[in-house]
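This report refers to the structure that appears directly beneath it.
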């Protein structure tokens, strides 16, 4: 008896969830604005020009997939701070690299009658799903920094060209390598620190690297690939082993700037942490263009770094979204491409102020 | 005839008891054959240096596993201690030696909370430490605003600092191992720990302070997590927000590979856990040397670990068989 | 008088009354039965809801309940699978791997079109799928693909189960290593790409109400199997004390093997729902779902030591987890605040539950 | 060796009373134990023996009454305290840690230290350990881990543990249940040497022969009250039994009603497994009770496990009702009509925390299942209750009550009931009466006889020779894994059978061995 009773009630409350759900549609208007913009100061002076109050009374959902590198962290704080300055109520979500959770959170946003969504897709595929979810709910949506897999959904897409930027960066490194070869007459031993193979960005950057290296067999030995899983510890350990196995390595590309400290900690004891031009210098390049990379280029340890123009991307995202909301568009569709660029020791003086990493104040 | 079989069993026993080391050597030889560069003292140094962080975690985990508990929060505790100390460094400069002390101290507090909840509130260790994981990491991420936690530039020099040519991380790891093993085998506390893990009720009846012992293992786990964080900091210079995630599993795997049982009462720090840790790390390093396609690397290492567990199982069974047999032989009593 | 019972005997099972048994024929009051039944977790859930209501916007809005539901069903299926394994006295860490694995291969078979530029490097290109999509790309194929997904789930379950029950390897290590392997294999099989263009007939699942009935039916069946079927009785017996079970003629090994297979199948079902919802086969699907799964099961009263647990309890455990997460999301807190608040809530929930069961033991 | 009357007595119980949940378990118990005296304490389970000893050992505290140890008030709050006072308890359930070494087990709470008190001195521990082991005559390296010891050796270790602190009073609770007869003799010698040194001993046992053999003074409890006490000479086995059960239990072993038929239900031929058993062959007929005797480690239980398909065998065949399953497993054996009551009730016989009915029904679930493989709880329940009733199994609420809460006797009945349900035609019972009281023993014997009467073949393994002689139609003797002798009722003779078990002439230690045990049991017939 007791058991049956239990089963029934359970079954009931399960179906209840469904039943209520199936009513669907209009939700209760959201009340009491609990602002969660937070940590405005941590933006680190990455000031985006937004028209103050331009989003007054609006609720904007900001969903990011992770904050594990300087790039994402800076981007997140910059955007949510800018949004708050624009007078919007910001709802932050971190999907913690889980596309499924991201979707759930976006739906939670929609539930709260958000006026607009800015999200950093976990990857192209999930971007599609999120966008279509937003479209069906008639909420304008911005996909930040990662492109949706296809054009099926309507969204403002602000993206950098990872593969292209990586290519540009490595191409410069190759020119440096050519000079060195001309001087020494010895082939160089290149090494690439690959990101997490489950992350499309990592794969793109890897492809960009090999695009640039293609057709330079006269110049290089076979590239050594080091797995990092986007994890500093793994990166450091595997690089250490790789360097022991191949002491001759003199050309290193890292798929993300955040790994420079690990690179330094491995190279310096080997006497390979030298500034450009100095004897024993390892040709170094990376991608992101964060604050540390900026510093290392000013001190000439790093030869070149691929920059995604965070300032540009963030500014565009917000302005485009604001415009759409003002115009009352529920499904704006537009693609803004951040060409990005390679900041090299050659073009430092002219271009460094376009690199966000050189603009924000260094993290303490 | 019984006599002769018994002695032969004794021999097999010795061989089987040292299985972890046998395994370690086999893998080392295997990789050396695949890639001659691998056969090098420096390789071993690197392996040991790289294993030191997880190794220290695993030593703590061994204590916990010995009481049939589990600590999923060590990774989070390591991150927490690193972040808080780096925050502190922003305010006030600290002498270097203070860093490990502070980190261990933070770990101690965290472990104390876990231990108290498990031992006195009697909540399942799995859930307590699972929740604690979210608690500590969440709080730490809040502190760091999920930015990198930075340390004074010179700190990595410590990581490369050699004491009689032995890198500091290895020295710390070795010290931890020695102390832990001595505690386990040469102190009453250590022996009682095994008793508690085998059968808490019987232990209490025998007058062993079961509860205090259970609290203590989580405290030890916490302290070592803090220390591990320090070892990692001096090698890496900075601590990224993802630091420590999932490391609890590496630690458990290392301990279990080393022969620790998840049901308590069995396991050693040396050779057991140490061998387990080194084995995993050796495989990782071997992969880098042999430059296997990055997509295949994790599959191969998984396969190797699986094989190791398989061997270990066979060994435990063999041991059981032998002991069983020795029961059946009625030992004549010389008078 | 049998005070000290040796380890295997004391695994799981309700705490034994100490001393002479005082038979309590008197029927307990309702609140008591509620307190001591699985429904207690429901009570906790309601408390959470009430606590969050003032802060979480539209927690009870139909739209949100819709979300909660759509988050609930797939997780429920997975937790049911885990429950079987836990009752058998094991643990299945490989569920996350199974999710990704079945999701990707199901998608490969179903996809209606695949861009060579992305997938040509996949080792399965031209074998399972090509420019014109997967071999089961046609509408009818969807059903078959489902079957295949579940078969694949069963296959991995079989692998785990065999290693555990026949070879006698520790479940934790077995499923940990299979996880490492399968995850890597899955990423390799698409060379990191997600598989897109799933047939609308399939993705329709996500929005339609098919998910709910599927999950409910599965849950009810699972409940009946556990509580009424011969296998159920065998499973509990095995989890409580495998040796006694074997002596009593229970095919212990097959029972354990079956538990892992079922876990695989149920997980595959969950994967099918998730995949439909995300409209893509993902090598990283549910990468960090494990803790939620086991956490939900344990809160639902399933013992990690084996021999204890019910579907009803597990289901309520899932409800608790889903509602809590959703509620915290709606509060617009910073994500790390959510992390530790969640930890705190779970801790207190289980704390209360422990006190409760100790009261139960005393009465 | 009657001890000289010294004043004051070593221990005095004065009006001890205790109750649980208002149910009185001990009523005003008073008696005293003198130094150098062995007091035998007997009574059925539930008579209050354990409770009284637990009070003495500091596990429980009395509701009323006092104890005096050498004139000093004795009121230990914990077992540890009792130990410090010099009262040590050799438990029935072993409190050893199989994962630790012998010496760790001996000193787990107070290790000998090095000059640095933090550290254990393994050396000292080793020496002291070997001294203690020598005293109990356990020939093992103190560093051996306990799970390598036989049950008997563990019991000896448990005893050695109790001696480590030069005790004033030692309580032995069923110490011989898992000892071979040789080990038993050694234990008795030890106890005698203890009392010779002036130690007092309380000896609790269901093996009345041993009690009479060993004690100077006997105390009998029934339903928590002291019903009789006096010098050993005052009692005989039968008088003790009738005092204990309160009624006249005519004979401990019931009249045999069953008569062997000629159908061979179990046919074991040339069964071998290296390191375990050698070429074992025998037959059991319907309605026949065949006893298997042998020393601990002679391979009896191992043989039974192999016959039941629990362990593999490399050679030979086992035919149940004429059919031989090549691929033997408990399952196939059960289907063939075999049942097995294992030696280890708690870990192999029962699900201690599950209800009585759950346990009884465990082996027959498929038979009580619908076409959909759903268990038909109604019929199953009735069947289980019937089986329980047939064995007069006492349980307050069979559907709820966990078997853990049953008495040893009733637990054993639950196990047997399980095989009643399977309608086993061949039943193997391994030490079915170990650690259960006289009344329950009697009932188990009755059940065995009934089963035989219902044309089942019984294979009864036991270390209690009188039990075998009282219940069996034939007795087989095993030694070192081989079947060495075979006795028919007219040949039943303790000395001969024990001789066979030890191997002629190969009886080491005191030649008194068989005699001692035998003399213990003579009075039973």
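Which chain is which? They are A, B, C and D, in the order written, and residues in each are numbered from 1.
Operating definition for what follows: contacts are C-beta pairs under 8 Å (C-beta built on N, C-alpha and C of every residue); 3 or more make two chains touch, one makes a residue touch a chain.
This is a predicted model, so every value here is computed, not measured.
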**Message:** What pair of chains is linked by the largest number of C-beta pairs in contact?
**Reply:** A-C
**Item:** Approximate Å spacing (C-alpha centroids) for the pair chain C, chain D
**Value:** 45
**Asked** How far is the middle of chain A from the middle of chain B, if each middle is the mean of its Cα atoms, in Å?
**Response** 34
**Inter-centroid spacing, chain C versus chain B (mean Cα positions, whole Å)** = 29
**Request:** Identify all positions of chain C at which a residue touches two or more other chains, and write them in rising order.
**Result:** 3-4, 6, 187, 191, 334-336
**Request:** Pull out every residue in chain B that's touching 2 or more other chains.
**Result:** 141, 146, 198-199, 202, 205, 295, 297
**Asked** Going by the touch rule set out above, which residues of chain D reach two or more other chains?
**Response** 95
**Prompt:** What is the complete set of touching chain pairs?
**Reply:** A-B, A-C, B-C, B-D, C-D
**Item:** chain B partner contacts - residues on chain D that touch it in the complex
**Value:** 78-80, 83, 95-100, 104, 108-111, 118-120, 122, 137, 139, 147-150, 180, 182, 275-276, 295-299, 302, 480-481, 508-509
**chain A partner contacts - residues on chain B that touch it in the complex** = 35, 37-38, 40, 42-43, 46, 49-50, 53, 90, 141, 145-148, 150, 156, 159-160, 232, 235-243, 281, 284-285, 288-289, 291, 294-295, 297
**Residue ranges of chain A touching chain C (in the complex, touch as defined)** = 2-3, 6-7, 9-11, 13-15, 17-18, 20-28, 30-32, 34-36, 38-39, 91-94, 96-100, 103-105, 107-108, 110-113, 123-126, 128-129, 132, 149-150, 197-200, 202-203
**Item:** chain D-facing residues of chain C, complex
**Value:** 1-6, 8-10, 12-17, 19-23, 224, 228-234, 236-237, 240-241, 243-251
**Request:** Report the residues of chain B in contact with chain C in the complex, numbered from low to high.
**Result:** 72, 117, 121-124, 126-128, 130-139, 141-142, 146, 198-199, 201-202, 205, 249, 252-253, 256-257, 261-263, 295-299, 301-303, 305-306, 309-310, 313, 317
